[in-house]
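What follows is chain A paired twice: with chain B in the first complex and chain C in the second.
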Partner chain A sequence: MSIVTVQLGQCGNQIGFEVFDALFSDSHCPQGLCSKRENEAYQASCKERFFSEEENGVPIARAVLVDMEPKVINQTLSKAAHSGRWKYDQHSCFCQKQGSGNNWAYGYSVHGPRHKESIMDLIQKEVEKCDSLSGFFIIMSMAGGTGSGLGAFVTQNLQDQYSNSLKMNQIIWPYGTGEVIVQNYNSILTLSHLYRSSDALLVHENDAIHKICAKLMNIKQISFRDINQVLAHQLGSVFQPTYSGEGSWHYRRNPLGIDWQVRPPLSGLPTLSKMSTNKEFHFNTSIANLVILRGKDVHSADVGAFKDPALYTSWLEPVHAFSVWKTQRAFSKYEKSAALVSNSQFLVKPLDVTVGKAWNMFASKAYIHQYTKFGIEEEDFLDSFTLLEQVIASYCNL
Partner chain B sequence: MTQSVVVQVGQCGNQIGCCFWDLALREHAAVNQKAVYDEAISSFFRNVDTRVADGGGDISRGKICSLKARAVLIDMEEGVVNEILQGPLRDVFDSKQLITDISGSGNNWAVGHKVFGSLYQEEILEKLRKSAEHCDCLQCFFIIHSMGGGTGSGLGTFLLKVLEDEFPEVYRFVTSVYPSGEDDVITSPYNSILAMKELNEHADCVLPIDNQSLFDIISKLNLMVNSGKLGTAIKPKSLVTSSAGAFKKRQEKPFDAMNNIVANLLLNLTSSARFEGSLNMDLNEISMNLVPFPQLHYLVSSLTPLYTLADVNIPPRRLDQMFSDAFSKDHQLIQADPKHSLYLACALMVRGNVQISDLRRNIERLKPSLQFVSWNQEGWKTSLCSVPPVGHSHSLLALANNTCVKPTFIELKARFMRLYKKKAHLHHYLQIEGMEESCFTEAMASLSTLIEEYNQLDATKCMPTEDVPRLSVAI
Partner chain C sequence: MGRRRRCRVGPEDATRALPEAIAALSRTLPVGPSPEIFRRAKFDCPEAAPALWRLLFRVLSPGPADGASASLSLEAQARWVKSALHSQGYPSRALAQLPDNGSQGSRQLLLALAWLLARGPLLEQLLAQGRVRLGDEMPVCECEALANPGPPAPGVEEVSGVDVRHLQWLMGKLRFRWRNLMASQQEQCALLGQIHLYTRGCHSNRSLGHLSVTETELLRDPEGGRQLLQRLESENARLEAALEWRRRQLVFWRWMDTVLGACPPEATFLPRIHEPGARALEPVARELHALREQLRGAVEARRAAGAAGAGDRRPEWSAARRALRQAVGQDLAALQRAWERGGGLTQPHGPHRLVRMEAGAPRGPGLRAPEVIEALRTQEAHLEAVLRRLQGQCRRELARLARALPGLIWIPPPGR
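Right, the complex of A and B next:
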């Protein structure tokens, strides 16, 4: 089963390139620390998910590149082509001349409707190249105008047109201290819209990855390339093939295969007064955890600690909330590696901070005229705030 | 990629414009060694086959044939424009893109705005439309003028209304040279205040500059160069004031050094839109991020470094010094001290070999000494462009929407009042058709309102920041 990637805006395209590069490098890595047959099965599975084949054998990424100005896409295309190992399909690009100006309203209300047909057509073409479609992976930032606004619009349209396929959005949380001044507005508008149309939001914070580069990797002069490569490495270790079941030796067909949405049971929600006072606050409370193990000794690895009920909210059994995926094939030459995807309260603090800052700015009405110019009214802002406050409250109540 | 058109009005505007085009050619020649007409060059230049009569159509790809500036030159006396057309840059300008007259505006805003405005309105529109037609995707008009005279001030601001009506979707960025304290034009306060009203109402973004600040920067540089304190030579091309290595050799004229600073400002402003980088910033993002309320669109600018030593080794400390300098009052292009006033927003546009970690480290370092308005505590907009300016390995342009611009306006108002109270020279204006005393009082009121807005913001400086109570929701 295949994943179609949609890369939006400067951030989305720069990251998208690193992701495909990481996936390709890993799958063609000769030291898989496993048998040749195993390696070949791994490669084939990876190939099917992310690349399609061309006549001369150069794999083409299953991706649609979208940006409202040409510089980044041109760079991305040529970087891939230069590597000689894989490339993008030149026809799978959509580009305009003038960017979105960091304006969510412009991306969503002007570029969206104007270019809807062209963009959805390109996506349709990519989908048709797949034997069977698992879903969409949409890479976008929240701070700018194209990734955020147009990204929200495209996701909404994917929901309408491909309601049975999974839509997973990789969203980039901007640095706390300014990349873009209106980033908080753009973020809350993006999040509130994605909440209504996306199935899963994979979040990466620039601040967090920056710290990884600085403290764990000791990089002195950190560039965006470094940051994107760390991100791509993390995503690769999540999305590369794994066995389909306990004890199975076949790679699972559906790469996005667990139920990413967790809903609380309709009855039996604890009342507010019973806030978890008796719980130890060592960990964020989770509603779902996925551990992915790759490499040596995966079958004997002990993941018992992840099944501790203290990690999870009181209305969930660990067995329903915890999953583990494995493969013996090592990732990116690491003898053993593990990845954790978690749906927990970790996001509450950054979300709360962003909503708080956006709210303060909104109270002064600063920059609002830039949004109302393109059809996003104060009411739309208020709707977004309301929705996000509810999300924060829901997570706090776990 | 988008294109921009430069409209240079009056003596000051045209002289600065001339320096700008010269340095722009120098920059593109340095970056584009193969002389291929690419999208970066097309933002400011057309590629024309001069062998074909009437210029033929524009050549959109391939080798550079002949570059023509996307410019409209306007002056109500012929001297300056004629000099340009006889000088080394004559081939860069399309002779059809000029509007001149003979008599000049006599340092009278009313003559520039009302008389020449109505006389040349049609012709102006026609030239602007022509220049827009040559553009694939026109994004911005850059207007360069001075505020103190008659043509730049009067006709230059008349233009703004025309542009707003005719091209409402295209940004209007105005570079305005404000008169210094010892300006020799007596009526410059009148001209400036009348022009300010137009800037308030019809410009998207204004970059005020004043001659005194430019002069101070040059004096400092001369002192440094001549004192020999720095030992080895400064790289000649790196001086922000120099024309060394410019595409066409020009005789250095007295204002050239000052005008080169402004020219560099415009080049750096547009660099991230023209060239690639890891964090691009287009021109429409400037307005989006730096203008929180429509009327507060005056941006104080500073350029660093002002020179580079011939010694190539640049330790990180030098890089951090570049950031510190951008906030010092000595590097601002108007008389202003942003560190001791209130920031509404700040943009840092970096060029060259600088990465995101350098940017972040310096923002963290400088933030505690700067005051930002309560609703925009992290009001930073940043951009990283990989291509450095000629002669430097990296550079920084800081644009601040800061209340430090207020003193300039207050002083202007004071000088205006000194003249107006005595009705001095007023008759020169009132005798022009369409001018009445109400023009003056309205212009005055417009400026006073603006100053009051800055006052109110300044008043919030000392207040403790309180978070606005959040929405409470039921789950």
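Right, the complex of A and C next:
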């Protein structure tokens, strides 16, 4: 079951490279801490998922690279080819000569429709190379120009054309004190559009990863490369093969993703069952948690603490909300590693802050003309605000 | 109990005939109980009840037995059997009143089994279900699955109040599983295509031309071949038992009469059926015929009266009538099309073996893939139209409800 990755914009392409590199290095890591047969199965599964075979034996990443400028794509292509271990397909790239100036509307309404056929063709070619398509993984930033607007457009088209396939978007949450002044507008537009067409949104905050680099890894001068590598490491430990309860090597996704909507209760009807209000202050309530364990002693690991019902909403039993994936094969030379993927209230605060800032700007109509110039009207903004407020309310009411 | 040719029926043969008939029946049925159980059931012995409950459960469940339904408790199985019999129109109330724990009622269960056997080709259906399939098969219609919903999944219980979010979560989970299924099916199709392509020319049967997965496995793995042989042998044994049952069943039905006689009389039970089908229905048929004649007479009288009284307005009337008849005809045709799930498929329903043909090859018997695809597309379009209509109704109803509550802001969900 193969996954086709779509790397969008500068952010998407740089991260995408690191992810493939991390996956490849891990799968060819000699010290797997498991039997040879196990290691071979692991390698084969990783390879089938993310790489396709070429005549001279160099694996080719199952990826489509898209950017409006040629610089980053060329860098990415050459970095991969230079390593000699794996590479990208030269033909699976799409770029233009000019950028989009961090304008979401330009990316969504102009670049998107103009280049839709070429991009979808490239994706179709990658899909045809797969024996069986498991889904799409789209890497993009939330607040930039190309990545975000075009990414939203591309995801929508994937939803239309491949409605039966799963799509997961990896979005990069910008620094709170970011440089792009309209980043909050871009964020809310991206999120609201992706909410409608994607199956799952996997969020990484730049601020959070920055803290990891500074505090846990003690890096003095944190570059984007460091951040991307941490991110890739995290993603790799989630994406590499594991055994799930129902059989081996499924590509699993959190089914509870963001396409979960709740309408405000109609007045006059009894409200939903009460939850103790102090819960929200003490616990971060989750809809679902997934723990992935790799390496030594996985079978004896105790994950009982994750099954505490207090961690989860009242309408879902921990047995449904919590899953564990395990494999003895160690990841990337770490003797033991664990990763947690969580669909919880963790993101409510950053989302609320972003929406609040965007709303304040919108109230004074600042910079709106940049968007209306290219077809994103005020109604679209209002729709986005409504949707995101609903999401925030739903998560708060967990 | 083997087959034995009987040249004449002696007195000891008569006493053996019944147990042998029941034994043949039991060998034909899946999980068939011993003749002793049948005998005890006639006298309503409680120890015969569980085996008969389980037999009825197995017989009434659609599709092959799987671990999940077999693991249902006796109580759950008994409840399901009762509801399945009821939905099939079983007339006796006494069975519905039996306790759920499966401890009683063996005579009633025996009567129910006989009713099922008499009613339709039950054994043939069971044998068809359990057939050993050598080819790669694919269903072309959903008739079986739709007509007979299976037993409930174990562990499903009635809950008094359900959080709507839980329902939404379940819907999401269902959608997710559905998509996984689609992806797996596509993978399976691709792989089947490869196997069929690679094994071209290997099959001894020229009209098939290539091997199926089972046949390929047969060649690769001798252990698998042995297991297949065992399955074929046991299927043969069941078929032979079925033939033997066919020859001997008269004895069984005569005995069932005595079982029925042993029952206390019950007002809701249908009159006794001596042979499957025939004589008891005759008075009913006569009544039906009489009613039909009456109806015909009434219609003629009406028509004559109508024609006589409308002499001067005949031209417009006949035009109007023709238009009406046309409209009714169209409606009926549309209704028929809507009911005909096959959308034009004239071949029999049920699974078909997949055979890959070369482009110019002469056409063999059976369906062609483009025809099936066309028929399925028609069905899909029809179902989508129905879905859209129902969704529209739902939306309008919700909007109406929202309007009824003042001060409420109605935010429809973002389209999907």
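One rule holds for everything that comes next: the second predicted complex is superposed on the first by the 364 of 398 C-alpha atoms of A that agree within 3 Å, B and C clash if a C-alpha of one lies under 4 Å from a C-alpha of the other, contacts with A are read in each partner's own complex, and residues count from 1 in each chain.
We take it that a contact is a pair of C-beta atoms (placed from the backbone, for glycine too) under 8 Å apart; a residue touches a chain by one contact, two chains touch by 3 or more.
Keep in mind the model is a prediction, meaning the values are calculated, not measured.
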Let me test your reading of the model: by the given contact rule, A:S300 touches which partner, first (chain B), second (chain C), both or neither? neither
Contact-wise, after the overlay, does A:T386 reach chain B, chain C, both or neither (first, second, both, neither)? both
Just checking: does A:Q221 make contact with chain B only, chain C only, both, or neither of them? Give me first, second, both or neither. first
A:N56 in the overlay: touching chain B, chain C, both, or neither? Say first, second, both or neither. neither
Broader residue contact with chain A after superposition on the shared chain, chain B or chain C: B
Return the residues of chain A at which the contacts from chain B and from chain C coincide. 272, 386, 390
Considering only the defined contacts, which chain C positions touch chain A in the complex? 161, 163-166, 168-169, 172-173, 175-176, 179-180, 182-184, 186-187, 190-191, 402, 405, 407-408, 411, 413-416
In the complex, chain A residues that touch chain C: 1, 131-135, 164-166, 192, 195-196, 199, 250, 253, 255-257, 259-264, 266-268, 272-273, 287, 313-316, 383, 386-387, 390
Which bits of chain A are touching chain B when the two form their complex? 10, 14, 69-72, 75, 97-103, 145, 175-182, 210, 213-214, 219-225, 227, 272, 355-357, 359-361, 363-367, 369-370, 385-386, 389-390, 393-394, 397
Okay, in this complex, where on chain B does chain A touch? 1-2, 39, 136-137, 139, 276, 278-280, 282, 284-285, 287-294, 345, 355-358, 360, 363-364, 367, 374-382, 384, 467-468, 470-473, 475
